[in-house]
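Lettered A, B, C and D in written order, each chain numbered from 1.
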Amino acid sequence: MDGNKIIARSLAQQGVQYAFGIVGIPVIDLAMAFQLEGIKYIGFRNEQAACYAAQAIGYITRKPAVCLTVSGPGLLHVIGGMSNAQSNCWPVIVIGGSSDQAQERLGAFQECFQVESSRLHCKMSARPPNLSSIPRFVADAVKLSTYGRPGAVYLDFPGDLLNATVSEEDTDWIPSIPEPPSTMASPCQVAKAVKLILAAEKPLFIIGKGAAYAKAEDPIRNIVNQTNIPFLPTPMGKGVVSDLHRCCVGPARSLALQKADVVVLFGARLNWMLHFGRLPRFNPDVKVIQIDISPEEFHSSLPTAVALHGDLRTVSKQLEEELVKTGHVFKDSSLWWMSLKEKVCQNREVNQVSILHICILPFMKQSQRYTP
Amino acid sequence: MDGNKIIARSLAQQGVQYAFGIVGIPVIDLAMAFQLEGIKYIGFRNEQAACYAAQAIGYITRKPAVCLTVSGPGLLHVIGGMSNAQSNCWPVIVIGGSSDQAQERLGAFQECFQVESSRLHCKMSARPPNLSSIPRFVADAVKLSTYGRPGAVYLDFPGDLLNATVSEEDTDWIPSIPEPPSTMASPCQVAKAVKLILAAEKPLFIIGKGAAYAKAEDPIRNIVNQTNIPFLPTPMGKGVVSDLHRCCVGPARSLALQKADVVVLFGARLNWMLHFGRLPRFNPDVKVIQIDISPEEFHSSLPTAVALHGDLRTVSKQLEEELVKTGHVFKDSSLWWMSLKEKVCQNREVNQVSILHICILPFMKQSQRYTP
Amino acid sequence: MDGNKIIARSLAQQGVQYAFGIVGIPVIDLAMAFQLEGIKYIGFRNEQAACYAAQAIGYITRKPAVCLTVSGPGLLHVIGGMSNAQSNCWPVIVIGGSSDQAQERLGAFQECFQVESSRLHCKMSARPPNLSSIPRFVADAVKLSTYGRPGAVYLDFPGDLLNATVSEEDTDWIPSIPEPPSTMASPCQVAKAVKLILAAEKPLFIIGKGAAYAKAEDPIRNIVNQTNIPFLPTPMGKGVVSDLHRCCVGPARSLALQKADVVVLFGARLNWMLHFGRLPRFNPDVKVIQIDISPEEFHSSLPTAVALHGDLRTVSKQLEEELVKTGHVFKDSSLWWMSLKEKVCQNREVNQVSILHICILPFMKQSQRYTP
Amino acid sequence: MDGNKIIARSLAQQGVQYAFGIVGIPVIDLAMAFQLEGIKYIGFRNEQAACYAAQAIGYITRKPAVCLTVSGPGLLHVIGGMSNAQSNCWPVIVIGGSSDQAQERLGAFQECFQVESSRLHCKMSARPPNLSSIPRFVADAVKLSTYGRPGAVYLDFPGDLLNATVSEEDTDWIPSIPEPPSTMASPCQVAKAVKLILAAEKPLFIIGKGAAYAKAEDPIRNIVNQTNIPFLPTPMGKGVVSDLHRCCVGPARSLALQKADVVVLFGARLNWMLHFGRLPRFNPDVKVIQIDISPEEFHSSLPTAVALHGDLRTVSKQLEEELVKTGHVFKDSSLWWMSLKEKVCQNREVNQVSILHICILPFMKQSQRYTP
């Protein structure tokens, strides 16, 4: 078996189903080996776009897809994509062919420090030292990209390693890495969170991409349905609960953020997109309940009032269970709901007119221009 | 207030109590500011040793100590220490003075890329952009060094930042970062672990430094006392349960590792120190139950049979509770215990003779040589 | 004056004439400032292509052009271009906007370690610490990109620095950095080279992109005309002497490389493109005379017989002067010339047929297909 | 032959004579191999000091010495030394043993990213891919550390590479890399420098470590003797011309720097040690003639009036030749010499008294204290 086959089989054994990329020296045979092992290979015109596509698969399916590149510029063109996956906490495995080890420091074709170039933008960046360790490195790549906070992984394969051969028995095959183990917040922290939610006059849920990635739709929908508390999705958190749900206050986003006294972050970060949770866009006395897989994310811009460390789905279920027990329903007749609804109505009207004028009418005119 | 005072006060507010280092340009006043804020400063002769000392405090107290260095060689002499803290998962905060920003790229005194030089060996490496952000960076340093898997943090302070001043009100003081939130394994994984332990014919507990760091002595001692299962401490895991405990099989280490059919890792890694959990030092059919704060640690050298993701103390308590319920006691009369005890006795004898011949007698002779 | 104006004026003062890029946060005003200072700004659709365009200008004009990018992905999309410029020894200055320093580590819009990300792919990667030092950093960028072996430079400008203001007098303007100083090989090394050339039975000149960059056309053409020695251009060295010159043996490339006993490298490297100067593509006893601006380039794949360290134009002139003194003419009637000419004729014929069949005929057919 | 022998023999063939370090896993046999090949090995107590010692040899002999370390902390303890060699432009080759490649990412003994950790502090940081390429990497290390601007090189050898074997014939032995080729400034720049020196009313020579490293004593002494122009040595430039020479104005350093109108830098940099060549320590109208091996060093803090790019010894000879032709002697009776001499006399007196009071008397008292 050559390196190409070992890589392809290891990926297939780990459940990887898609590869995106551009073939060339030295990875032509690798793309074919993917196909032979049942991995769907989608060819692109620029590595840049291939890497963004691969991470979308990772985000949607919780299984990393591969982005395959040639050496030198091929790999360097996906640094932006790796960094994006890393920032967005999306799994992706970049596989780069690289020049033959025997030609190192001689000015080989597209010779480049690929492992080092990727280091800053990945959870793991490595070149397997030999053929028999490839399945272990592939398993590690799948694990690192999906366990804890998901992210990007880079694996580097010099041409001479891809083309070397070893007998199948000398290869250390690794069983499929299971889904990440679930982890829960401590019950007393959950109790503290419930108490804070019950006492809130202006509660708000913010549903982020961490909730979407964790497939936490069921418990979060149940929580919203049960408590009738208003929620906002972040752009990537849309769809966990429908934008058309009666509790969605997207059209009153600014008001909701500015006045809420207790905010529950379901896998959302208080970064630029949420104005850092700070004045003038947030209430300076807001109390933040935060659920996150990454403990380092707590207390990032504001002190976290209640830090619930665990995976989004499991902790949301814990929260659901405790909230259901209380039978708490946040009244439609509360001042908070009344002011939010008024704003929602106002903004819906404005928006519908705007959409007509800004988006649809010009497009209709433009279409006319291009239509025979 | 100048930069020195803001740094010192921020550290004190975050509960930092010790600083180790060497003073010189530009951090002389910073060491004095530490003392004025009640942080104990211990001067060293070489930065290298100061950094190792600082991380020992972090390991023992769960609060990072500071290692203080001058610019250039001062900081570079602690790269080894930072990397050691990072590898050992011990909290430490390195603070390096650096040359004035205004002289950058002019060949300033001991000018050096300090933030970049530290990057590979830290969880966080940063230079605060201005005085008012210092408390935030210090809070982040304390958080990053202790939350999740603990490790090293580097903070860089150019001389001109240390000596600049700002009014106290313009500084964004940050409340003390609490202890990391506790996190638990899922009950069904715990149940699976208990079932495996109960079914084991040759069970073995391995107690690592993660257990020591997490102060998990109580639940682990209870588990050992309850179940009568043999245990091995790693070198840094010693003392969680006494080496003199009847269940300690340290003197039969090789046999215990080689024959165990179920191993529970309490905050220990299957690295070189545990022979990677592999042949010829481990049973190839061994089943590994692993408790770890870092999910990326599971499945590292072997597939983990049961992955219990959470902090060591909390998960050990979960395990204790479930094991106590079963009333399980592993019998002294089992073949496993009998073979272990026999080996322990044999090796104790050999060791006592060896210690006499290798350590004590030569030393007595040598002492005689040097004694008048 | 704000940061934008200082950057633009500094670049203009240093003779920079072109900028390529994509505008967006935070560099919109910077592109406008370029135009106000007379720097031609060319907008692109992808930063990747902009960077390749910018370095082409640098190669052709010996003055770096600017590649302008937004933060995060903007900059990361040009890592490939920077690395290409660095590998090809072409001057280029990448200017990246970056997120506000005050928002560092808070999850700012497209926050990214830009200076560190560029480090491996540049001669200089830096963020000016304040407005008044900008002209010094720009002058340094121009100097580093063009002095010694040319290459890429990265300058990083956070949004708050771009928008800050300072009075014109407080800015340390820097006079225009002159062309790199010329440097010469030692006369005794030149004499040694001449002696070797005169004694050669199968001499060959290889003209590389270093000769083209150095504008060494005059001395090299004179040397070729005077000595009648066969030459080969590398792909980027084409045009220094015309491919139509009687001494060009491009069509007999393989033979020329394989049999030459003395090779003079005019700014060419023995990398993959020249088969590392090794068997089976080179004569194992070949003696290499190498002219290079970078002393680290000598002895790279083979021991260099005569190392002429200096700039290509100056050293070529030294060589011209000494060769003219000898009056040496390598005879057309030599065995070397006769075998080369025969091969040139053979290959020309084959090629013309091939070009017809491979390139032109199919294209004609294809054109027909698309023509109504 | 095993890896140890190939490394040792390659170093010996390249003229390396000394190695400093600490042995341990995996480099015990390597130190022995050094000794068998005639390389003198000096054992140290801390790698830190070993690296500083090794670079001193490089500075004095122009041939790099080796600093030998074990993996992990061993290598990291010399990062400071590498960076110092790099900053001071001194040749040194650090050789680090590293953990077995087959155990990579498994938590091998002292496993560490050694090549990457060294990257920022070296001219070259690499791990040879196989045994047969070792001589090439060693030759490259010697070349890189001494050619152009000298500096540090790091070579990484995993234990399994050190212990692997290959037949002697399969190893690509490399002939000894010669001394760096000499390179000269252009005659018209030299003429411009001479003209400026002749026209100076307050000329000053500054002799730096570049002159000492280049063994430029003869031409510089001749220039000083011929022209009678006052000179200052930098700390590392001492001894190129004796401090006791009549033209040495060390005791009037401040005055000399502050009033000079033309300064010639012989291998000295306008960094912090020379106050960046700026106000208030330098005359703002000073004209700087600079001789340097590194073209990137010109125009660094001030615009260079005449940039003489070449090696110090060769360019100093060019300057000597041209200055001798002019017969120029800078008169003792000039105002410049008179004011300098007066200052020298004043400061000598003050210093002798100070030395007595600050250094000698207290030491005598202290000695008394410790003497029985």
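What we mean here is this: a contact is a pair of C-beta atoms (placed from the backbone, for glycine too) under 8 Å apart; a residue touches a chain by one contact, two chains touch by 3 or more.
On a predicted model such as this, the values are computed, not experimentally measured, just so you know.
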item	value
Fewest hops from chain B to chain D - one hop per pair of touching chains	1
Chain of greatest Cα-centre distance to chain A	D
Numbering shared by both copies at the chain B-chain A contact, with half separating same from different	same
Higher-contact pair (C-beta pairs counted), B-C versus C-D	C-D
Computed distance of Cα centres, chain C from chain B, in Å	50
Distance between chain centroids, defined by C-alpha means - chain C, chain D (Å)	30
Per-residue multi-chain contacts in chain C, two or more chains	116, 119-120, 140, 300
Category of the chain touch graph - line, ring, star, complete, other	complete
Of all residues in chain D, those that touch chain B in their complex	46, 48, 72-73, 76-77, 79-80, 83-84, 87, 103, 106-109, 111-113, 116-117, 120-121, 269-273, 276, 300-301
Touching residues on chain D, where the partner in the complex is chain A	101-102, 104-105, 115-116, 119, 126, 128-130, 133, 136-137, 140
Partner chain D, residues of chain C touching it in the complex	119-120, 123, 139-140, 143-144, 147-148, 174-175, 177-178, 180-186, 189, 294-296, 298-300, 303, 307-310, 314
